[in-house]
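Letters A, B, C and D mark the chains in the order given here, with residues in each chain numbered from 1 onward.
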Amino acid sequence: MAGLALAPLLPGLINRVKALAAGRRGPPTTQLYRDLWKLLRKGVVYSATTTWVFRAGPRLGLAATLTALTLMPWGPLPALLTFPGDMVVLVYLLGLGRFFTVLAALDTGSSFEGMGASREACLAALAEVPLFLALAALARGADAMALSPIYAGLAHLPAGTTAGLFLAGAALLVVYLTENARIPIDDPNTHLELTMIHEVMILDHSGPELVLLEYGGALKLWLLGGLVAGLLPLPASAAWATALGFLAAQAAVALLAGLIESTLARIRLVRLPQLPLAAAAFALLAFVLFLT
Amino acid sequence: MNLLLLLILIPAAAGLAAFAIGPDRPRRILLLATAALHVFITGTAAWHRPPPLGNGWLALDDLGLLFLAITSLLFLAAALYAVPYLAHEKPGAQADRTEPFLFVNAPEATFTGCLLFFLATMTLVCLTQRLGLLWVGLEATTLTSAPLIYYHRHHRSLEALWKYLVICSVGIALALLGNFCLSAATVQTPGGAAAPLALYGLIGQGHAGALQPAWLKAAFIFILVGYGTKAGLAPLHAWMPDTYSEAPALVALLSGALLNCALLGILRAFQVCLAADLGAFARDLLVLFGLFSMAVAAVFLLRQRNYPRMLAYSSIEHMGIITLGVGLGGIATAGALFHALNHSLAKAMLFLVAGNILTLYQTKEIAAVRGLGRAAPVTAALWLAGFFAITGAPPFATFLSELQILLGALSLDRWGVAALYLGLLAAIFIGMLDVFPRMVWPDPVRRGGGAPPVAGTLNFEPSADTAVPDGSPTPPPEPRHYAWRLLPPCLLAAALLVLGLAMPPALAQFFERCGMLIR
Amino acid sequence: MNTFLTFDLLLVLLVLTNLLLLVSSRLVTCIRTVAAQGVALALLPLVLGHDQVATIAGALLALTVVLLKGAVFPWLLFRALRVAHVKREIEPYVSYTVSLLIGILTLFAGYGIAARLPLPDPGISPHLVPVAIFTMMTGLLLLITRRKALTQVVGYLALENGIYTFGVAVARDGSPWLVELGVLLDIFVAVFVMGIAIFHISREFDHIDADQLTALKD
Amino acid sequence: MFHLVVFRLGMFGFMTLFLTGLGLIVAGGLAALLLEQWPERAGTVAAILMVTGAAVAAVPALLVLPGLSAPVSCHWNWAFPGAGLDQPGLRLDPLSAIFLLPVLTLTGLGAVYGRTYWRPWHHRHEALGLAWLSYGLLGVAMALVATASHGVVFLVVWELMTLTSWFLVTFENEKPAVRSAGWLYLVASHIGNACLLALFCLLARNTGSWDFSAYPWLRTHTVPAAAFFLLALAGFGVKAGLAPLHVWLPEAHPAAPSHVSAVMSGAMIAMGIYGLLRILSFLDHPAPWWGWLMIGLGLGSALFGALLSLAQSDLKRLLAYSSVENMGLVATGIGFGLLGQATHQPALLFLGYAGALLHVLNHALFKGLLFFAAGAAVHAVGSRSLEAMGGLLRRMPETGALFILGAAAAAGLPPLNGFTSEFFLYLAGFRGLTTAQTGIQAPALIALAGLALTGVLAGAAMAKAAGVGFLGEPRSEAAANAHEPGLGLFLPMLVLALGCLAVPVLATFWPWLLAPATAEITGMPVDAFTDIINHLQPPLAGLTTAGVLLLLVAGWITLRMRYLLKPRPVRRAATWTCGYLQPTPRMQYTAGSFAQPMITLFRGLLRPRYQITRPAGLFPAPAAFACATPDVVREHYLRPLFHALRERLAVLRAFQEGHVQVYILYITLTLLILLLWKL
């Protein structure tokens, strides 16, 4: 539940790191909370072209992410809901959100949002394979079929498999960056529609509608960040210590993302596939390491 | 009087009478009556087998009965068709359909008379067990059918006649040589002198082994090439497409029966080979000819432009199938004999429908016949049904027989033969598929009306769609008595369906018994 | 005269007629030659002294053959010739010299084939089967290489003669007279019908060139 | 009480009931043929009879499926040469029942749909009567295929199915595209059929019987099982549309009337799967490579289908490729099943087979729905091209909503039915991954990655179909004037949509329902699966919980938002287009451009064709860009092959050159060769 409250911190954290790295002061870490709060009080403007699908997009997107959150373990701590194959459900719930966001974008009839939708779908296609490969590698490593036992099992892995964990973590990190449209995949702060991917999709959403999207985005960052963070060695002495450790790990992942964003430039759209492909290769390698 | 003799004499006498009768109507009735009587007597003879006549001159065995029944049934269909057909043909000069000239028809009396003689000679072939007499009968079929081919008296049918006459005569002459070789092979047989070239003598107990293998082989080769020419086995088939495309539909149909008769000649020689332990040698040749015929037909059925020719090639294919089945032996034999019946029915139906289409559209070009489905729905339905029947699609009986032959090939572990057989059947189907629907369907609409052309939808079909001028040819109104001309093909289709779905068990046993004679 | 000698003389006559058929361009010569050939081989059974000749039926049969091949067929063909107004075979597909060469080759091939077929009766000349095959092949060669429809009929007759020779040689018990008669009747009708066809062809086309009958093809 | 009734009926009536139902369907077709002068009445009578017939025939299927009734059968006498002693017959067992459900459902609903859909063709009533008859016969043929228990009967009804569907595919035979589609369909079917002929003849040859009941003999004897498997795969693969045997499918499905497309796509191609499973049920001890081959083929088809589906701009063709994809998923499931069978892992086996069977059902539901809805859209717009649609959701709200629902289901998204069966497949994949056998783990990983990629691509394709076709501004005049087609088209869609929702609700029951059929395939007793099914309950229950949770959360957010927005100003404005004041529909992202990034990504495989007219000079003329992605297999392999064959073989036609002399030469040469060779 803490995730619900803390998630909007993450984008702030990333931006903060970026600003610091660039030598600026940057917006406060809680900027997203303020944005959300402001937006929440506004009215909305709907495009005359749109239908209920346009409104369903943000709602279903948020609902899907929220549901997916119940499946995310806090490191070795089990998730609210856990069952064999829950990682598939998690990934597909994100897919559901994306499907309707894409539809909502297409519903506006705008060429820009169509373009964003098209690129988003393409990125998703690219990210899905490393995500599954990484999760499968972890499942193999922990010899379990549900997220919670997997992450719980990782703590007890033999010492030689750290490299595998590291590789799987790298793959998940790429997925984290890709799915959340961060640099070097996408620049969330760009202001030219033609170069945007995720942001251009939500051009027409306003007010509370935008809140749903932005908040959903933050939650997704939390969710995928959690998958990476769970891989880090967390204190296992007590549940509260683990939870605290997990929060710290989440923050660490965000910091890492911030660092990556500050040091790398956005890669060209045509060369985009290389990154997820590399991630897939990492995940495969991790799998091979877990096999032996 | 012996039924067997009656079977030959009645059509012969009717043929003589047909020449004598002046007015058309009684002559047509005579034709119908003879056909019906022939079927009736054949049925009776099948029921109580009449005793052999003379020293094997005329005798009815299962094999002969099968081919006799086919001949008789086809003749009935032809006679039923002939009456409205002849009634439609105008006396005097008429314009040709494709070229600018006038021609006349042969006198109807000649036509009917020859038709009946033709029946008599075919019956003789089916009934005799003396190979010499069988030869005489087969040569006679060529001669009695020659005037039929030249019914429409113009240069194309004359060319057809000449090819038919010369090539078949040469072929049959070779078969005569085969008969001589056979009698050379029999010199040492004990019963040889008593009844030369009588089948029972040749395949009877103790006689067969005394045949001289070298002569027997030569005999089989000559007979196979000789009768094979008449039966349309590739590469001896060349006369067939050229002749069939010009003969009246009716005659082409009867030639279907004729092919079977020629095949019977080969089967008789095959029986002798089997009895003399030369089965393997003969089988190899039959399988070879069968497959080669199918292959040749497959090649020529691709891009065929003329539908009677297409039917001729299809006949070559099916004679190939039958030969293949017989050559394989085992279960395939019964299948092959069953197929002989099915093919005759299906091909007869197609020829009759083709005749109807010719009457409607006045052209033999496939590309010029379009929109049959709307212009003449029943004809179109029959044409499509014929297509599926001839390509061996269920529920038509052809499917069952082709399946049996495949099963036979597989049962004997002839994998290569089975694969080739299936492959060629598929190729032939593809070739014929280019033809039939195109004729039934209306002109393709290129612009407007419905969906725009979708990207990536490229036409697989050969480009004959563009080869024809635009504008659907509108067929002239159906001629008088047209409905009557639909009856025989309908009956044939029904027969094929019945054979395919609910064959009388006795008939199935009959085929299996026939099969035992030559396996 | 010795039977064997007579017999071989007849065979030589057959060979010579064949060669003449192969080189002759005059249709009249061809018709006469093939008629002579027919008469010659009708005499073969007499020379061989077959049993069947002894019977009246057999004698009648031989007489019929002579009549048919020596008189009726030439008459039919000459009639067709008159109608068609042609005298010569023009430009065969294969020149006369080459035809001759091929003909001689087939004679050798005939010996080759005959070697594989043991004669049932050792009393028969070993040359008979090769000559029969040669005659057949001559007929087929004429059918294949000549252009005029009439020459094709002549070729058919030569083929028939060859087969008849063969029959005389190997089927010495022969076919029953009924079949023989049937065979003769068939051949007669065949030639008759071919004659009629030639008549029609010449009327329809103003020529009797079989090689120009190619409207029907694929 | 219920059991008692079932028992009573089962003794003497289930087969009769089934056959009565089929008879009613045929009667519907015949009635339409007889009443063809009055097309409206003909359609009504046919629809009523067919729906009744389908419902009646479905009763025994529904009872046999979960094992409430024992399998029922009937026999009759049929003699033909070589028939042997076995009596041909029908047998309705759980495996048949699974496949009967989509067949009967779609046949019945399609009849209702067709009654309205065919109205514009009423002036061509003579063609319509035949089309109705073909339609009825198609339904019956499929039902008989699923129940035939005799090789020859199977082949006969199989061909009947092909021919009747061919008649329907070529219904609009004046269109060149339809003609070529018909040609391709029949050719492909025939080639597949050749394999099946060989297969059944081989079966008969080895067992000496045509009767399926004799075939379990094969399980205990040494037979060339691999040959059976490969022949079945080739023959049935054509019908199921497994790549690269799928070429006919994307041509034929769009060409057919929409309800026929639905029946063909939802039920008929599943018959290919049925046939394969039926053959597998005769064989025991599959080799592991069978499983790998199936998984490879299946994933290949799934990926290929999804990609090409994404590349299409013809709505029905897009759906057709999606069928290729889904059949690929089904094949993957069968592959897992075979693998489980080969390596003696009942859990993997069960997940694979049950997933495949369930996906067949689900595919029938959502693809039927999608084709119905697409038909309504095509009907309204007069074109199948997505570029001519757009904005249909505003004009056809119900149809549009159902299409989006179907699209989401087809994209395999939770909580809809498509995901339920894909979940089985993923579980199978993870099961393979976590098994102890090393040989399975790595390929299972690849399979999982393939499944994942397929899922996303299918999602993109479906988003494209729904988004470009139904959302945004109308892209053509006709689309702007589109309107709801009425109840006749809507009702069948609604039923299928409810089905899409009902399947996941029943998630935990499906293993129980599918167990008898799986037992039938593997020859194992049903009890053998009890443990596995019990172990399956938590994931399925979890799936349901997650679904329910999702709906609750979404509902809560929606309500909350409504409450929140009630007092707020809500304005309507034009879409933001970077400052353009008058955006036109032509500025929208097109179907082609939506797919472009992904097509470019896979251009090496898809080989798209670009046509570019570049702007040039100071005052450039209008520029253009067009991209088409024709089927790779067809364009780059089959078409050149066929073309070359035609050309080469045509040369041989010169042999029939007309001279009688040459013909005699052929005879002479044949004679000489034979004499010299054989004598």
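Following the convention adopted for this analysis, contacts are C-beta pairs under 8 Å (C-beta built on N, C-alpha and C of every residue); 3 or more make two chains touch, one makes a residue touch a chain.
Quantities reported herein were computed from a predicted structural model and do not represent experimental measurements.
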A-D or C-D, whichever has more C-beta pairs in contact: A-D
Chain closest to the assembly centre - both centres taken as Cα means: D
Distance from the mean Cα position of subunit D to that of subunit A, given in whole angstrom: 35
Centroid distance [mean C-alpha coordinates] between subunit D and subunit C, Å: 69
Centre distance in Å when subunit A and subunit B are each reduced to the mean of their C-alpha atoms: 76
Separation of subunit B from subunit D, taking each centre as the mean of its C-alpha atoms, in whole Å: 42
Residues of subunit C engaged with two or more neighbouring chains: 116-117, 140, 143, 152, 210, 213-218
Overlap residues in subunit A, where contacts from two or more other chains coincide: none
Per-residue overlap in subunit B, given as positions that touch at least 2 other chains: 162-163, 166, 170, 174, 214, 218, 241-242, 300
Pairs of chains in contact (touch as defined earlier), listed by label: A-D, B-C, B-D, C-D
Residues of subunit D touching subunit A in the complex: 390-391, 393-394, 397, 400-401, 404, 408, 411-414, 419, 423, 426-427, 429-431, 433-434, 438, 441-442, 445, 448-449, 451-453, 455-457, 459-460, 462-463, 466-468, 471-473, 538-539, 541-543, 545-546, 549-550, 553-554, 557-558, 561, 564-565, 568-578, 583, 585, 587-589, 593-598, 601
Sites on subunit B touched by subunit C in the complex: 130, 132-133, 135-136, 139-140, 142-143, 146-147, 150, 153-156, 158-163, 165-166, 169-170, 173-174, 176-177, 179-181, 183-184, 187-188, 192-193, 196-197, 212, 214-215, 218, 241-242, 245-246, 300, 304, 309
Residues of subunit C touching subunit B in the complex: 116-118, 120-121, 136, 140, 143, 149, 152, 156, 159-160, 163, 166-167, 170-176, 178-179, 182-183, 185-187, 189-190, 193-194, 197, 200-201, 204-205, 210, 213-218
Touch list for subunit D against partner subunit B, complex: 77-83, 126-127, 152, 155-156, 159-160, 163, 170, 172-177, 179-184, 186-187, 190-191, 194, 197-198, 201-202, 204-205, 251, 254, 312-314, 317, 378, 382-385, 388, 626, 628-631, 635, 639, 642, 646, 649-650, 652-653, 656, 658, 660, 662-664, 666-667, 670-671, 674-675, 678-679
Subunit D-facing residues of subunit C, complex: 93, 109, 112-113, 116-117, 137, 140, 143-147, 152, 210-211, 213-218
